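Before anything else, here is the set of structures, which you'll find just below.
Same chain, two partners: subunit A is paired with subunit B first, then with subunit C.
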Partner chain A sequence: MSDASSLTTVGLPGLLLWAAALLALAVGAVALDGVLAARSEGAPLRPSLTRVVDETARLLRQRRRAPLSADTLVWRVGSSGLVVAALLMVAVVPFGDHVVSDLDVGIVWFNTMDVLVWALVWLLGWGANSAHSLVGGYRFLALALAYELPLMFALVAPAVGAASLRLGDVAAAQSGLWFVVWMPVAFAVYCLGVVAFSVWGPFAVPAGHDLAGGVLAELSGVDRLLAQAGRYALLAAGALFAVPLFLGGGAGPALPGWLWVPVKASVLLALFVLARRTLPSVRPERLMEVGWVVLLPAVLVQDLVVAVVVAVRG
Partner chain B sequence: MIGVLVDIGFWVLGILAVASAVLVFVVDSMARATYALALSFVAVGLSLLLLQQNYVGVVTVLMMVMEMAVMAVYMVMYMGMNPALMPMSMVHDKRAALAVSVAAFVVLGAGALLVPWPVRRGVPSPDVTAALGEALMGKQMLVMVVVSPVMVATIVGGIVLAAGRTRYDRFGDDLDVRPPRDPERGGVGR
Partner chain C sequence: MGVRSWLARRAVRAARVLVVECPGSWEVRVAVERAVRARGWRLALSPASADVLVVTGLADGEMAEIVERHWDAMPGPRARGRAESAAAVADVLDAAVLDLVDDGTQRTDADGRSGSASGDPARADDSTGHGDMDHGEMDHGEMDHGEMDMAPDGIPLAGASEHDRDGLEMDELPLRLGPVLPAWPAGLVLDLVLHGDLVVAATGSFVPVGAPAEVGAALVGARRCDDLAAMLDLAGWPDGAARARRARDAALDGRDEVAVTVLSALRRRIESSRTLRWSLAGAGHVTAESAPGFHVPEWLVGDCHDRLLVLADRARAATSGEGADVSSAELVGPETVAALVTGLDVGEARLVVASLGATAVREVVDV
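And now, the complex of A and B:
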């Protein structure tokens, strides 16, 4: 059933282009978030459009501070690792016919990178040697235990539908019907997982105002810049990864395939950004039941439906 | 050329795995010890990629990072009166532990070096992951199918025995109290 994908592997030099696409999407997300914030406060919109540049310049010039006895090594692994995890996620995403690495286990690779975020955010919370940061790290793990299993089983649905873990095959298998149409539950749970592992919107409580910034509380200078960039990059990487997984890959009229991928991703990313100002925060201790009593059975039924459809179609 | 790269990869990952495993006992912080162990497992997982076991290698990294993230929480939690949030030694009973671990390392290392490894006959199967799964699970499938429900029952039984609160504490003597009397409310209003 799955068409054998014929992707051209561009290898490590091509990763620069993929990084540029990721950066462009992340910058767009920051700008959109700034515009939405300015509009809700009735402030002028123009400053929010250059917010990325202003904030980057400010943080690059700011002197790094560290609390007494901070574990600087693990702290900096945490703050700088998020961007790396996001970049490694998109390395297996095909843009049209080209991909950095045509890994045969691309979906598992994505899952591994999002589990890496567990470690990175907790280390970010631990490293600062500050109670607020540490509580933020624990909050993230509490959320992670709740969203990760539903997310894992949501990733199973497209893999079963395409009978492959390779992203090129998954995108090619949607030439008739996009997976988002007949796997809506898996898509919804996937989106929820992406927003959650990006510490964003309703799941931003590990970095919440009630914790004086939580895992971000003590960060300054380039460390803060990297950690914040990492959150936006993860959000953008999740949106990009959804395109071959659920949204038909590069398929679309008029535009070339490599352009359709970022176009579709930016629409999804805009929805993720909107979620920040439209949905209420989730209390970490309350998500466990929602995740395991509601989402997990729902997504398991989705997997069953997909498996039955695939078996019947033969 | 590829052979040389594989050799370099093997040695780099092997040394990284052993060195970070040693670090687990050298460092003085719970977080560093846990994640040094995670790094060691990641190196092992990545070295499985050298065997072209892509699925097994990537899944090993996934499972081990997840496990260590949860283990860090438990290690700090169960340290009790010991100040696990402060710098502390990662070893107890140093002399006996050192003797046991050196002996275990020597026995396992000697076994790996001295065992007569079989020579390759034929060529590897095109899908080595499926071949490995078949070799490991094929004949033992019935055992695996029986063992997994027993393991789940053991876990559930253990939690039921260990839990301080029973369903009578939650739902009352006649099991008719709704919503249950829980210290934390759940997320779905039960």
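And now, the complex of A and C:
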């Protein structure tokens, strides 16, 4: 907690590099997911390796088609906004000693962006003027009600532990012991929140098979490309943000700090991708029960423990 | 030109196929699924995400109209084909590739289309009640607005509800499920009235077809594996669904012992998966009184998790040669299905339909 923020701010031009890191992680997640899917289905592996390129080509070539009377403005704000929210999340993540913007309220910033995702996914469901999309939107709000409060309190734990909302300080405060070690509940709830706001894996019901794709059902062409990229980008952004928050930031042997951040993030991201294959979907009303009756009290106790430890220590 | 054709060649490697299964063409639909997977392609969940439309079996009358509506909702570049037998599938997909990469064909296709977007096929159905009106006109936003104030662009606005559950006024939203939906019994149509995502009223029917579909005894094992795969797809467990499909394909290829091995392992995993049990427990709970006025077969009693286990047991029994035929006591008619889903949310309703198994959902003559 001593050497408060000695980060170099690279500003907006540096955002391109951060975007490249986010893109690389997201592409890796797509490839891993494709390979795992092909392996479990007994399909050929080779097409899944180049799927990112092929699918991008396919969607760039495809026409945009909107359903009758769709609210296209609102709908396209939803489909294109997810990538932006993900990029804004990682803008405050320090890679080693460098950061795009050294916000002194970085954790709150992240929280703001994840609440923005509520609006974006809902607009995506609403704008299409299609019953399946709309029901997908309802489902996302139901999930969000269940995961958001536990997620907020999970974000509180590292902030209390480091006595700062600035990500550089939070990372620096873990020089002795990573927060994930003594805040496991907060870390688990955080991961659950990330998977949920990315509409991924067990929490992909808003875009579920049973709704013919739900919030994604009517998207085509570049709109679909952006929405899908947004989901992967959010997942990757959540993994990147976990590094300064719980995984010791850039600290690690041999490799430079800026490299440790994406390395740690990709391990976490791979776990997120694996979760999709091993866990069945969670119906929103089931998550509500768990979110408020189990997770919320558990993460509050975690916050209390952290606060007591910090008070006793110093 | 170089970039354009490069893009087309890349794009076609990730093609997505929407399969329209006409009643009685189960075998062909499965052949399409297998061919799609072998090419590294994917199945589309909705027409908006599809590049290729493949109709299996014979689409006539109402089914032909439904196919046209889905074709209209595809964004393009697009290609379509019809496979009448499993042997024809490879040729149909090859022809689709040629159509998709041919920019000239695609441009002609695009020029021939009306400028306005076509509707969501599920929604377009609702505006015309039971599909006995002319869908073509309703879809393209060419209606005279003066005549239908309550239906801008031919889509009726959500109306005030007559079903009053708790004194709160709710809007009613009509939604037609089927006949083109992933993991859905071929030809089944459920017309739902929704409050939010809650089904307050439902009617069930089958799209009329010429010849009633009979299940050949040789295919029962494979079909039951497919029913299990559909249920696991809807439960959101893609790995489990993939295993069930592996068993299905093995049974189709005459390797029954492989199918039985895969199914036994899958059955154990389903039973021991706590997350699956937790997620499905209580979903779509059926009792003998769940469908007033209809006979509820005894095996339906329980929740979706119970019926998932029944599906798994039946698949294993059928592939291992015990109980290879579909008994009439098992069958569930479309009206019974509609009664069973009333009062559930859309997700649960889909789970309930899948938990019955497409093999068992049939026009029941004698109730």
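As a working rule, the second predicted complex is superposed on the first by the 311 of 314 C-alpha atoms of A that agree within 3 Å, B and C clash if a C-alpha of one lies under 4 Å from a C-alpha of the other, contacts with A are read in each partner's own complex, and residues count from 1 in each chain.
The rule is short, and it goes like this: a residue touches a chain if its C-beta (ideal position, glycine included) is under 8 Å from a C-beta of that chain, and two chains touch if they have at least 3 such contacts.
Everything numeric in this text was worked out from a predicted model, so none of it was measured.
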item	value
Contacts of A:Val309 with subunit B and subunit C, given as first, second, both or neither	neither
Subunit B versus subunit C as contact partner of A:Asp54, first or second or both or neither	second
Subunit B versus subunit C as contact partner of A:Val108, first or second or both or neither	first
Partner chain in contact with A:Leu116 - subunit B first, subunit C second, else both or neither	first
First (subunit B), second (subunit C), both or neither touched by A:Leu255	neither
Touched partner set for A:Val294, first subunit B, second subunit C, both or neither	first
Touching partner for A:Val205 - first (subunit B), second (subunit C), both, neither	second
First, second, both or neither for A:Arg286, with subunit B first and subunit C second	both
Touching partner for A:Ala43 - first (subunit B), second (subunit C), both, neither	second
Subunit A residues touched by each partner, larger count belonging to subunit B or subunit C	C
Shared subunit A contacts, counted only where both subunit B and subunit C touch the same residue	134, 138, 283, 286
Subunit A residues within the subunit B interface of the complex	71, 73-74, 103-105, 108-109, 111-112, 115-116, 118-119, 122-123, 126-127, 134, 138, 141, 144-145, 148, 165, 283, 285-291, 293-294
Touch list for subunit B against partner subunit A, complex	29, 31-32, 35, 38, 54-55, 58-59, 61-62, 65-66, 68-70, 72-73, 85, 184-188, 190
Subunit A to subunit C touching residues, read off their complex	37-38, 40-44, 46-48, 50-51, 53-55, 57-58, 60-70, 128-132, 134-135, 138-139, 202, 204-205, 208-213, 216-221, 224, 276-283, 286
Subunit C to subunit A touching residues, read off their complex	7-8, 10-16, 37-41, 45-46, 48-49, 51, 73-77, 110, 116-120, 122-124, 126, 139, 141, 152-155, 173-175, 181-183, 194, 196-197, 233-240, 242-243, 245-246, 273, 275-276, 278-280, 283, 346-348, 350-351
